[in-house]
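In this document, chain identifiers A, B, C, D, E and F correspond to the written order of the chains, with residue numbering beginning at 1 in each.
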Amino acid sequence: MTSDQQPTTHLLGPDVDRARYERGAAVLDAVDGSGGQHVVAALADIAPALAHHVVAYGFGDVYNRPGLTPPQRQLVTLGMLTALGGCEPQLEVHVNAALNVGLSPVEIVEALTHAAVYCGFPKALNAIFVAKRVFAERGLLPVQPPAA
Amino acid sequence: MTSDQQPTTHLLGPDVDRARYERGAAVLDAVDGSGGQHVVAALADIAPALAHHVVAYGFGDVYNRPGLTPPQRQLVTLGMLTALGGCEPQLEVHVNAALNVGLSPVEIVEALTHAAVYCGFPKALNAIFVAKRVFAERGLLPVQPPAA
Amino acid sequence: MTSDQQPTTHLLGPDVDRARYERGAAVLDAVDGSGGQHVVAALADIAPALAHHVVAYGFGDVYNRPGLTPPQRQLVTLGMLTALGGCEPQLEVHVNAALNVGLSPVEIVEALTHAAVYCGFPKALNAIFVAKRVFAERGLLPVQPPAA
Amino acid sequence: MTSDQQPTTHLLGPDVDRARYERGAAVLDAVDGSGGQHVVAALADIAPALAHHVVAYGFGDVYNRPGLTPPQRQLVTLGMLTALGGCEPQLEVHVNAALNVGLSPVEIVEALTHAAVYCGFPKALNAIFVAKRVFAERGLLPVQPPAA
Amino acid sequence: MTSDQQPTTHLLGPDVDRARYERGAAVLDAVDGSGGQHVVAALADIAPALAHHVVAYGFGDVYNRPGLTPPQRQLVTLGMLTALGGCEPQLEVHVNAALNVGLSPVEIVEALTHAAVYCGFPKALNAIFVAKRVFAERGLLPVQPPAA
Amino acid sequence: MTSDQQPTTHLLGPDVDRARYERGAAVLDAVDGSGGQHVVAALADIAPALAHHVVAYGFGDVYNRPGLTPPQRQLVTLGMLTALGGCEPQLEVHVNAALNVGLSPVEIVEALTHAAVYCGFPKALNAIFVAKRVFAERGLLPVQPPAA
């Protein structure tokens, strides 16, 4: 995301707050790729402050912390989005994000197969069919089951 | 869990179904420890079939699969239980489980700090206060923040 | 519920609205028993209108309709309360209600064992442990599994 | 809604219950406009009783009460629908309703930006994109951020 | 489902586990019909283990149990899917399933009208409009209200 | 909250980030009072970063924005916490907050009576009983119904 695409510049305070935003934008690009940029751009004409919070707090403050690796963060995120329900657009972004940070299709499928135990089959199925669309777009089907 | 404690023996079919149950009971012991055994025992006089399904399907069929390591499964689980809400008893079992399979207190705290981005602060706070009780019982407080 | 206990008399409009309320109070007594009366009484000094809506709409308009028998209504209700999560007080009322209208302990346990498939184990376990408390109070433990 | 469009006339009891329905239908028209009428009409051939309850209880009994202004009721409603998740059709009706009763686009956007703190970003984003569609239809984009 | 369509054969263990799967597939066919088969088939190239769990645990172990009749199971299921929210694809399968096992359109509509009391109108409306689509496909509209 | 009580000082970046935190702490004190301070203090030995995010993002960035008045923000918040379910500790803080910023007991009760329409009775009842406890502590019972 180049600086002239930043929809929320007017929300930036002095230097430190800009630093949070720019740090977050870099993480967002690396993790969510075009999916994240699309969300931020779509907020520009309605809720630029919300976009700023997603980028500066979500990605600049939280994703950027040590303590969990990027693949670990996506495992937690896939679990949450599956459990919340009704978050198919965000699941699409984060199945892509999971792949972007190095989780394999097998690990993603296992996470969602595991999710059925805790969330029940309907939410797990909704999530797996989002993953199937993403995998199809990226030429990752069929997924080979893990060797025992 | 010794065989004379198995509340669901009468549900076991022939040899293969018994194998699923016994495999699951071993995984349950290793992951959830006494928390898991307590749940199974508490179901004995009301819903032994549900206990059987937790053990044989949840732990025998799912937890036992390759594709995700035990710490990875607990990260997904912590995300789901935080997002579902109202699952404090299960969070207590699984914060313990997360420690049992090798996640550090820092990793658990990071997962829940991360959860606030997706689930909001109320659910993240409910989960962190469950973790605080478990950490206190196991002498793990204060948690040192991760080095930057 | 005798008329001098009715906390919401002041909300009653002319005769027909009173008829809705009185019809609902009779159904509430028959289905939820003292659990329902306790809820209505507890609302008297804070939200009598909400109590009126529970009684007149919930029980007078809906529960009183043909189309489903009282046991059928409790099966739907047990499914909903288990799925919503965090509704343990209402589950306690409605496990009692289910027994009051003639569902057996086995049918209630089966409904909650079935619920795990759709809601996941944590919510099903939370519900079954509410049922266990109610069954214990009413001397209904242990529950004998259904004959195959 | 003219009387010959009322799908639930057969549900109406004597005069008072009809009064509840007609009072509710007037409030529904004023608040939800065509969105509310569309829902009631769509229920006519499947669940006219449910339509009656929406109108007579939801709008006749509750919306019509003193204690909160119509804009205050829509702020509560926007918070609930965002938090529930999966209620995009109702959010569309109620973003329109919020505008109809005098909330400004800025107030609606602020409510949803605020919602992210309590519900997390995914649900807040789902809600804001519903608002964006409604605002676009009504020529209200771009929304000018509030002056500091 | 003929044996050469079984996507999860490689997951089957020895004879007993195969028995669970085949028993579940028969129940799935009887209850969910083509909707259930479609889900299982759609999982074949991404998550055959999840399909196996749906069939062997969900339908082979749970649906097949005594204690509740098939129509009773669908009443619980309709309640849960309405309450969970965001499960419209599963509601479509299970409104069909409810009809397949002998619940009448009136009973289904009553269950969803009842659901509004516990889940609120938005989730009840989302469910009833799924039912309306299914009833339309099966030529079951308009639904005649139950006689008082 | 005096500066020597700030548990998250070590998280503060240079001057602007400190400004966000201090602005948020002032808003948190004004809105949530001792309830908010208690939460922040309780996080000090386990998740000081989460406390920092609550204060700096939640209260410094969001609550502090123009566009909604403090009472309006609490109406949205009461709606969300009621709908989420399982957030009784946060409801207790925010019923107090609602009173602190000038909402009357009648307005709070009306918001929760309204909530039943969208969330169903169980969640509305859970919320109203939290409000009842807060009102009792503050000597605000009985609540007089609004004049028609």
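Structure notes:
One rule holds for everything that comes next: contacts are C-beta pairs under 8 Å (C-beta built on N, C-alpha and C of every residue); 3 or more make two chains touch, one makes a residue touch a chain.
Small disclaimer: the values here were computed from a predicted structure and weren't measured.
Interface comparison, B-D versus B-E: the higher number of contacting C-beta pairs is recorded for B-E. Think of it this way: of D-F, D-E or A-E, only one pair shares over half of the C-E contact pairs by residue number, and it is D-F. Chain A and chain D have CA centres that are 31 Å apart.
Inter-chain spacing, taken between the CA centroids of chain A and chain F, is 28 Å. Each chain gets one centre point, the mean of its Cα atoms, and the points for chain E and chain F are 41 Å apart.
Multi-chain contact residues of chain B (touching two or more other chains) are listed as 49, 53, 57-58, 62, 65, 81, 84-87, 90, 109, 113, 116-123, 145.
Interface of chain D with chain A (complex): residues 85-86, 109, 112-113, 116, 120-126, 128-129, 131-132, 135, 141-143, 145.
Those residues of chain C that touch chain E in the complex are listed here as 57-58, 62-63, 65-68, 72-73, 75-84, 90, 106-107, 109-111, 113-119, 145-148. Taken in their complex, chain A has these residues touching chain F: 13-17, 19-20, 49, 53, 57, 61-62, 65.
Chain contact summary for the complex, chain E toward chain A: residues 10-11, 39, 42-50, 53-54, 58, 81, 84-87, 89-90. Listing the residues of chain F that touch chain E in their complex gives 116-123.
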